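In the two complexes that follow, subunit A is the common piece, with subunit B as its partner first and subunit C second.
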Partner chain A sequence: MNLGTRKILDNSFTAVGMGSIVVMALALLVVLTPIVYNGVGSVFFTGTIEHRTMLYKEFGRGDAKAIETQTATADRYRAEAYRMLSDFEQEMEGMSLEASRQYRSKYAPVRAAMSSLLGPLPGDPVPMLTRFQYGQTRWEKAEEKLHNILYEKKWDYSDPTVMAKAFDVPRAEEFAGTKLAPLFSYAERHLADMMQPQFTVYWGFFTDRSLDAHIFGGIWPEIQGTFFLAIGAMLFAFPLGVIAAVYFTEYAKEGFFTSILRSANSTLAGVPSIVFGLFGLAFFINTMKVSESKSVLAGALTLAIMILPTIIRAAEEAILSVPKTYKEASLGLGSTKWNTIVTVILPAALPGIITGGIISLGRAAGETAPIIFTAAVSVGSAIGIADVFSSPTPALSWNIYNLASEHEMASEIRHVQYGMVLSLVSIVLLLNLSAILLRAKISQKLKG
Partner chain B sequence: MTEEVKTDGQRSSAFVVSPQKRKMQKLAKNAGETLLLGIASFVAIIVLFIFFFVAVDAIPYFQLRGFTEFFTSTGWYPADEPGEFGALAIIYGSAMVTFGSALLAVPMGIAAAVCLSDILPFSVRQYAKPVIEMLAAIPSVAFGFFALVILAPLLQSNGGPLLMWTWWILAAPFLLLAVIVAADLLSARFAQEENRKKMALLLQSLFGLLAVLVLYVVGTKLNAIEIITGTNALNVSIILSFMALPTIVSVAEDALQSVGRELREGSYALGATRAETLLKTVLPAASSGILAAVILGIMRALGETMVVWMASGNSSHIPDPWYNYLDAVRTLTATIAGDMGEADQVTGSERYHVLFAMGLLLLVISFFSNLVSERIVVRQRKILSGQ
Partner chain C sequence: MTAEHKESAVEAQATATRDIYIPSERASVSGGGRPHVVAKDFSIYYGDFQAVKKVNADILSQYVTAIIGPSGCGKSTFLRAINRMNDLIPSCHTTGMLQFDGEDVYGKLTDEVLLRKKIGMVFQKPNPFPKSIFDNIAYGPRLHGMTDRKQLQAIVEKSLRKAALWDEVSDRLDRNALGLSGGQQQRLCVARTLAVEPEILLLDEPTSALDPKATAKIEDLIQELRGSYTIMIVTHNMQQASRVSDYTMFFYEGELVEYAETAQLFTNPKDRMTEDYITGRFS
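The block that comes next holds the complex of A and B.
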């Protein structure tokens, strides 16, 4: 091979290596960007009058006077639309049986879409579920609903070789000549007047309880549950892990028994997270009966087992990185081994141990599989600190799954899901970031 | 204290410990060490407990139904009366997404590890490491959410063009490289000294034309693909590969760093380029450590639950044809997570125990892979330290 080709090969080898690091960074960016962008939208968004009314009625927050005047304005514009609906309903009474039946079936979706945009129509009974008591609370959702009012979605099956394509048919054409026809252009023109959009900052998203399975309200129960579980897991795992690390580094004599203990540690680190869930269910709940059924306690214990190997490893590394001279000086001054460990080695290793602890805390907060069978419920209110021994809790990680995959209105509440994902990711990444910074500081200190 | 030191040879009473006290101290020391040992063995006890309790709930299934159905049948109808518990398709699904993610993650991970340990200067490495750590820290449910809400619709609506562009971006540089190398090798072999340059140019243009043709034909084929469902094995494999990458990179980097400078310097001294040094000297020396990294990365992908549960489609069948990554699959972890809610958790039933059987299968696989990778790492350390 000539030298030029060898150089090209050498450079392209470098390029492949750098390329894969760039791909990783890009992947991080691609995953995080939409989560951050849309997640921020759960707090900062254009809210409608329905959002402010809901907040005022359900949480008692907001400027009553401003809401009243805005509602009055919105109602004035809405009344016109309601009048068109009722006019058309009367017109249908007077039609021939055939025509009336045809129009009735076309009219039903229009009425449903109107009610989902504006809330219950005049004359409707007050709905039982909170989700039907208010119209659209967010402006972009209101625009979506307007589209549903203006157009009927139809499917084109004409070509059997390709997948059916959707296309929109304007309803204004279908109702041409009736008293409903002006509604469509009216709704399009006066949407803003009917909804009174206004830039909203909803900090309550983090501190409010959820209403009607997260269709309105905030995610406080999930945030609290995540903290309970993660901190509970740390309470069990951190002391155990640090003590075990002290044993491994200071007391263990290299031998068969110690090597078995070390293998056990790496085996535990490799157990799939869902198997921890199975174990938590079979052992803590069905055998030990730490609680009747799922509970925060059972979940925290399961998570504690999962993060134990990480804590042990981090603590071991931190203790080993303490300079030998510290220990020798302390022993030389006549202090006992245990005294040296407690007063010299552990304080010197503490930043490193805490770094490992912080990373494990993040892992415990983000893990889902171990808590599915042991601690998590889909809907529920925030639990008191006294209930942690007996009751399950909602948690961010589990509820992200639940809202995205199992919620009956999953596609309607994407903003809540994004808000939850952003909260979870920021909790975990902030913890990790602080660990990284702490570690950088330690290495600087050790360098002197 | 000074007044107590009276004459040489006579010990001060301040330093004298009574035999009783010494006994107590020794007792306390022994008790303390036993306690420490007890706490340290806690991990081993937990591992035993995990095996025991998962096995205890898994064995009743095999007692009731035997082994054949679980491992050879593809019929998974646990809700029927009587139920069918053929897990072959589910095991296959697990293997499929794990293999797919390994296919993407292993080359990338090794390349990135080599880059981190040998190529990048320290200043750049400082920024690359946190990126990898952040990638490892992102909760799996967030990856699952991304796969379900963003990647799946994208694949479904624009799958063909997306595949085509990925192919072009990835394949073009490699094909270009292959053209140059092939032309160089062939011209060196068959042409005379004076004609070599001309021959190489001729071959390069010939192969280049061929490469463009390949790029174009495969590209149009990929462009024509319509992905029926975005929640499929491909989607999951891509996401899982990025979850396995940090493990592979960090373990492989450790292995590469443990190969000493002497080997590298020896290779450079013989006139090898950096790529040749890395490929022919460093990588073979670190191969067992890298194998351990690959095993650990694969285990990470196999044991992952949330991503596959949310984005694999959860359809229990072997794709048709068997290598069709655009089909929905179902994995062991997702089945455990998804079916436990409907199984009778308190009294137990076949449906409940079969999930533990799957858990046991995962546990056994992870146990042996860990054992193997650990042995490999220990052996490599011994070889490299010259014992």
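The block that comes next holds the complex of A and C.
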């Protein structure tokens, strides 16, 4: 191979390498941008008076005076809309049976949309579920509901060869000539007056309990549950893993038994996490009966088993990378083997061990499958530290899935889902960052 | 061969009790010269490979004994056998007898931890712990149960002074030892070994990783310590062996070829092989 070909090969390899890095960075950007943008929207958003009222009534926070004046203003504008509704209802009473029936079926969606925007209408009984007790708490949702009031969505089936197309029909036309007709332009003009939008910073999103299955409130139970599970898993897995690694590197004699153990460990690292979940259910809950049913303890134990191989591997690598000379020096001074391990080898291996530990902590925080059967519930309040032995807990990973796919109002609470995803990603990133910093700090100390 | 080295062993034993060879510029060591380490038909194996073959020798207390020989001749293996550092190698085992102060080093009841406390070792590459200078020196005493801060400070100072390092590091005892230069690190390792008050110092090519200046300091240090400790030094550098040692052992392919007073071995070797080696005909 001559010089020219070699140079071309070198350069093209560099180009391919750079290209793959750029592609990865772009992919990361594509994934992270909507998460960050929408996730931030769960804390910083334009909130309506309904949000402030809800916070005041349910969480006891907010400026009572300001809320009162704003509510008064909003109610003034709403009263006009309510008047139009009741006027039209009266008008329908006077219509012919045929006309009244026709209008009634068209009127029902309008009324429902109004109720969804503004909360219970005058004369309605107080709803049982909190979600129906308030109107829209977020401005962009309010605008969406306004659209539902203004337009009826219809489907165009005329061309059987393509999928039906949706198109909007203004309701104002359908109610032309009735007393409801002015409502539509009124609502469009005075939406802001009725909702009193205001830029809101809702830190409570991270610290509040969830209210009515996450339709209001925050995600504190999930955050706390995630920490309980991840830290609980570490409490079991970290000491066990380090002890196992010390055994493998310092005590085990190379032989059939050891190689079986090693390959068992490697195999364990490759087992799909759902299998760990089922194992946790079958072993910890059904066989060992560590708890009656799902509990944080059972979940933490399952996660611990899942991350154990990683911790053992990382600790083993870290211990093996400690220079042999440290060991010789210590033994040469008349130290026992155990003392050498504790006072010289483990401290020198600490950066590597800790890095492995924290990365496993991040993994434990993010895993869903192992906790489905052992620890996670969809909706719940934050549990006390004493309840970890008996109570299940909500957790970010599981609730992200649950809210996005199984929640009955999934499309109404996208911001909560994004907020949870961003929180989880941030927690894992923060953990990894702290691992890097801690490692750097300890290495610095060891190097002097 | 056997006859010769028996002869030299007999000779060594004889000199041990009677008139010891005194290199011209060196004084005799008072109270020294008793057999401190005694090897009888002592062999070391790595698996099936016999690395040291039936060595018979007395190492005399308080004197400096150098071990020379080409690479792979078993000199380091022999040195490391004395404080049982070879135990770290699983395939390594021994036959014959090795005694320290009349006790069997490889006896079933021998506590190798206690043994290593009495027989300190300094290694080829400086290997301070990644701790502060103070903690490095205090490591051994703490290990053996000393907790009093004042006592520890006294020991650290004493050991550093003995190792001729005190003046250079006394103002930065809390700094990490890895920040010292190579020569300082090696003297620190000596001080660390001295802090546990051993009877024997084993030096395994202590200057091979050092520059000439640092080497000179280590050699001076060995001179300082001569008379207080029994010192054994493995070295590749024949000038060094002739400069620092009272006795020299020449190993070749696992056999102790010649063991004699240093001056005699370097000026008038009895064995042809020794002569070839010290005149540089092979290495």
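We adopt the following convention: the second predicted complex is superposed on the first by the 417 of 448 C-alpha atoms of A that agree within 3 Å, B and C clash if a C-alpha of one lies under 4 Å from a C-alpha of the other, contacts with A are read in each partner's own complex, and residues count from 1 in each chain.
Methods note: contacts are C-beta pairs under 8 Å (C-beta built on N, C-alpha and C of every residue); 3 or more make two chains touch, one makes a residue touch a chain.
A quick note: this is a predicted structure, and the numbers were derived from the prediction, not measured.
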Exercise for review: Classify the contacts of A:K445 with the two partner chains as first (subunit B alone), second (subunit C alone), both, or neither.
Suggested key: second
Check your understanding: Looking at the overlay, what does A:T343 touch: subunit B (first), subunit C (second), both, or neither?
Key -> second
Study note, to complete from the structure: The chain contacting more residues of subunit A, comparing subunit B with subunit C, is B
Review point. Touch check for A:Y56: first (subunit B), second (subunit C), both, or neither?
Key: neither
Check your understanding: Does subunit B (first) or subunit C (second) touch A:S335, or do both, or does neither?
Key -> second
Review point. Should A:P323 be classified as contacting the first partner (subunit B), the second (subunit C), both, or neither?
Key: second
Study note, to complete from the structure: Given the complex, residues on subunit B that touch subunit A span 29, 32-33, 36-37, 39-44, 46-47, 49-50, 53-54, 56-57, 107-109, 111-112, 114-116, 119-120, 128, 130-135, 137-146, 148-150, 173, 177, 180-181, 184-185, 188, 226, 228, 242, 245, 249, 273-276, 278-279, 296, 299, 302-306, 309-310, 333, 336-337, 340, 345-346, 355-356, 359, 362-363, 366-367, 369-371, 374
Exercise for review: State the interface residues of subunit C toward subunit A in the complex, per the touch definition above.
Suggested key: 83, 85, 88, 90, 113-118, 120-121, 123, 125, 127-130, 139-140, 143-144, 175-179, 189, 192-193, 196
Practice item. Would you tell me which residues of subunit A are touching subunit C in their complex? Key: 253-254, 323, 325-336, 339, 343-344, 347-348, 445-448
Exercise for review: Mind listing the subunit A positions that touch subunit B in their complex?
Suggested key: 1-2, 4-10, 12-21, 23-25, 27-28, 31-32, 34-35, 162-163, 240, 243-244, 246-248, 251-252, 260-261, 263-279, 281-283, 286-287, 305, 308-309, 312, 338, 359, 362-363, 365-369, 372-373, 397-398, 400-401, 404-405, 414, 417, 421, 424-425, 428-429, 432-433, 436
